[in-house]
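Shared between the two complexes below is chain A, which has chain B as its partner in the first and chain C in the second.
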Partner chain A sequence: MITWQIILYILYAGVLYSLLVIGFGFILRSVKFFNVAYGGAFLVGGYMMFLFYRVLVISFIPAIFLSLFISGLYLFLSHKFIFSFLINRKANNFVLLIASFGFLTATSSVLGMIFGSQATIIARRLSDIHSLNIFGGTLNIVEALAIIIIFTLICIFAFIYFKTHFGRVIRAVEDDSEVAELVGIPKGKIFSQLFFIGGALAGLGGIIQGLNVGIVPASGLLFMLPVIVISVLGGIRSFWGGIIGAFILAIAQKLTVVFFGGSWEQAVPFVILIIVLLVRPEGILKK
Partner chain B sequence: MEYIFHITILISIYGILALAQNLVMGSAGLLTIAGAAFYGIGAYTAAILATAFGFNIFTTLIIAPIVAGLIALGIGISFARFRDDYFLLATLGFLMIFNTVVRNWENVTGGSFGIAGIPKPHIFSLTFDTPFSFLVLALIVLFIVIGICYFISRSSFGRVLNAIREDEDALKIFGYKTSTYKLMVFVIGAMLSSLGGVLLASYITFIDANLFTVNESILLWAMIILGGIAKNRGALLGALLLITIPEALRFFGFPNEIAGLMRQCIYGLLLVFLMLYRPKGILGQYKL
Partner chain C sequence: MNKTAKIVVGIVVVVLVIFGLSSMSKKSGTDSETVKIGFMGPLSGDTANIGQNAQAAIAIAVDEINNAGGVLGKNVEVIYEDDGCSGATAANAVSKLINTDKVVAILGAACSGATLGAAPIAEAAKVPMLSYCSTNPTVSQAGDYIFRNVPSDFFQANYAANYLMGKGMKNVALLTSKDDWGDGLKKAFTDAFTKAGGVIVSSDSFDPASKDLKAQLTTIKGMNVDAVYFAGYTDPSIAGLKQAHDLGIKAQFFGADAWDDTKIWSELGTLGDGAMFTVVGTNSSADFKAKMKAKLGKDDLIYCSNYAYDGLKILAAAINKADSVSKTAVKDALSKIKYTGGVGSAEVMFDNNGDPTTAAYIIKRALGGKLTEVSQ
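What follows is the complex of A and B.
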């Protein structure tokens, strides 16, 4: 039965990474650099949920939507006032990467000053997070719900991305934003929408993490790094590649925990990253 | 007076680190975040050799650069094919792996407990255990590093590095083997950083994995970019400013934890604002 338990944990880690990588993919494909400010939106989502749900005692569902709105707004504003400004000035990736690392550092330290460096637990009572028995394995309610909700979200986003007009517009902008602009697609507006959606998805990741085990200011970068690794692993231009990459990483991480112990978990993404970069830099699914 | 010595020692150590980072990132334009890893390798080499094997810190000042240089050589060869973003990611991966290894290899690095009781350097009957004598030692090392950096930036090697930063492909056409030059500067940078690590370990006598994180590399970035990237003087100025200015927070009486976070916040915002309004820094010539 231990195998089944491991599969459940892999499933949870895999969907959480998938959620983050979908949002990150939108941003990566549109601005073409590894914008780690995305990790800031993860933190903003988690901490805003703490603020609304536990400090201001707003009920659960409205608190989630408020936090998602703010984390979306965070990433949208960071793009509008920092990154789009730099991109318009034709700054190279060197400048963009430095600015985004600086912005993430600033965000996590500000949140650390407000909420403290200790783990912040969003749940009001620990007894709210009860465990469920799933065919002999255990997951807590947050993990189980997260699997269902994120799985639905993956389907919705895949549908939007591949089947609707809006999705086609997104793909056009991602493919070549200047040509897209020539044929009358409002590039700036699409970028803003993508950043808002991406920020909200990252924020949802932060909320789930905060409800499940709690959130610390360092988790912005800690979650950002595997997500970057996944997008390289899956091929940065591919939607499904990202999701496959998320599950590969989840499997590798959980098996490492089983065989070598939990403290090595964080190094797994980087070992994979270096192997992928050396062996197949274009990722699993080439586009 | 002790306090001024303390600050000056820190400035010297960070001056060394900033110069080394500037050599790699400024002169050659290799975007690396592994600065803290080589700094840490230096510190851990010194700490392990001095506490477990009774080495003199002076000896480790020679051994640590060799260890760091060899590791950098291996890393550099395997990362040679990456450019820009991917080089950054690969060095980030290296830093995280280094950090995890240090945190977990308890027999050697003390795991999360770190290594305590690192001795001060001594030569014959002279021990550098007062702040003043340690400052003299730190300044001597700093001046050696300054000498090396100026020598490199004025040599033909330095000019090739600058050319790599400006246009690597053009240089390749002229028949320069750019990957060899990049590898060399990466190794030299790592060796110089490790000197800073040895001094730090011996000075604060206690090290653990939390000293060598991404935040530390971000601080080095902020230093060289604030001072003016690709300028040796800029790196020194950046180290001076970013060590002294946040010290002012201490006088406002913020608790330690908040002051640390505020410093981080200043470094981060500084990077963002510099990128937005003055990417070449205070003394800079090279426009990013």
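What follows is the complex of A and C.
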């Protein structure tokens, strides 16, 4: 029973990390820097959902789409007004990283001032998030739906990425954005689109987290750390590597809690990061 | 930079310098006219509601003291510092209060970790410090200048352990916050419960910033315990009790004083039904609740705020009794004080450790999002 329950929880944690790492990966592979502002889109998604669904009492589905649009827009605008300038000026990756970090910090401070620094719970009543019995194990409705929706999204994005024209364009930009530009691919436009898609994916993560256990302004950074570790772990150049990395981290974290106790859970990503950097710095899946 | 821009920047700089100088001189002018008391508490972060609530209670106390003639014929001024509930931040905050603001005494901190981080600095500088909410047992040994008007967790954990044993719950799992407060409760509860003949089936902890206790709770579910002693602050407690409900854990959930926060129970609603916790019985009157409501615009009184309100009045009384702003004299006055009629407890006296001599606990139970006192 316990084993099955832990497997279900690992599955949930794994898909949530996968969702975040897909969006993060699109941005990372194209602009080639760790865009920590991605965590800001996670927060914006969650808090906008809180605003629309719980404060303004808009019904569930429209509220989700509105929030996803705004979180996408958030990252899109961050690119348009900050990062594209820096990239055009040939700022090095370190400058971009610091800029994105500053952007995340500013975002979480502003959200903290508006919504308070305590956990914000999106559900109107926590008892609405009822639990389901799954072959003897338990998941609540948010976790179960998240697993289904994210699996679908992974398939859709894998299809787009590997099978469509747009996917080929993305891969070309990822491969070498300068050469891609030479053959007539509008680099800036593709970057903008990827930032929007990435922002919406991060926003969905924030919504799921906020519905399930609530988000705090610090969650942005708290989630960025494992996402960065996963990207390095799976191989930052690979789509599937990120997803494999997500599940490895989820398994490692949950098993650590079961065998060694909860106080070690936050340390696991970093132990894994150090081991990977020592043993296989290029990640599990090379391109 | 062209000429106009230079002129604009120049003007801005001059204005700022004049503004800065004038505000500084104003500050030094008021120095001798007020008695400064420092405040430390979490004004940001997960536990911000504790600090902000206490701040409101202290503002009420300051008004009352000043309207009644102040201290040593001067007005009391409280300097508020944020400690973010962490020892490192509290150490900075206490240094700032002592060295920059030159406070006579300090009211704080709320979180045990913060108090323990600040205590060595206050002790070295010989500034009396009175905590209004830190319940970790080790605060007793923090130093001669460190006082608190809220009782040690040693009594709280003891009370909880004996209550559970009295109800025939002999197998208990521990789930405690991984910080000074949680560790203190864990140790005190384990000692008291095993001494009373109970069995601690498992002992696990969680990161205070974490809101995912699912793996810990799954392990607990497999153990068939009678009760879970769950010591967490507001956010992990909401998440943990919800996840325990998801998992269908039937054991009695028993918490500590941090659960005396209405946010937990209003968010959980019926999901929190049956959960119980110990909290120091306060003397809090309807009168004080009404004052807090007037101050905050809503019904919100965290139990620490009762002690914060009393704490400021105790410090004021000690300064009056010492009849000077000498920190050593204030400390001596504090250790001999007998303060009555407070909203936290009816009577406060300090023992040699700076702990209150009396501690009266009550147990509260949640039902439908509301708390009721359990009669014993």
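Here, the second predicted complex is superposed on the first by the 287 of 287 C-alpha atoms of A that agree within 3 Å, B and C clash if a C-alpha of one lies under 4 Å from a C-alpha of the other, contacts with A are read in each partner's own complex, and residues count from 1 in each chain.
Here is the rule we go by: a contact is a pair of C-beta atoms (placed from the backbone, for glycine too) under 8 Å apart; a residue touches a chain by one contact, two chains touch by 3 or more.
For clarity, every value in this text was computed on a predicted model and none was experimentally measured.
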item	value
Superposition on chain A - do chain B and chain C clash or fit	clash
Touched partner set for A:G214, first chain B, second chain C, both or neither	second
First, second, both or neither for A:S263, with chain B first and chain C second	both
Of chain B and chain C, the chain that contacts the larger number of chain A residues	B
First, second, both or neither for A:G112, with chain B first and chain C second	both
Contacts of A:I7 with chain B and chain C, given as first, second, both or neither	neither
Touching partner for A:V95 - first (chain B), second (chain C), both, neither	first
Intersection of chain A interface sets (partners chain B, chain C)	112, 117, 263, 266
Of all residues in chain B, those that touch chain A in their complex	29, 31, 33, 78, 81-82, 84-86, 88-90, 92-94, 96-97, 100-101, 103-104, 214-215, 218, 221-222, 225, 257-258, 261-262, 264-265, 267-272, 275-276, 279, 288
Parts of chain A lying in touch with chain B, wherever the complex brings them together	33-34, 82, 85-86, 91-99, 101-110, 112-113, 117, 217, 221, 225, 228-229, 232, 263-264, 266-267, 269-271, 273-274, 277-278, 281
Residue ranges of chain C touching chain A (in the complex, touch as defined)	44-49, 178, 204-207, 209-216, 218-219, 221-222, 234-235, 238-239, 242-243, 245-248, 263, 267-271
Chain A to chain C touching residues, read off their complex	1-2, 5-6, 9, 13, 112, 116-119, 121, 125-127, 129, 131, 138-140, 213-214, 216, 218, 222, 253-254, 257-258, 261-263, 265-266
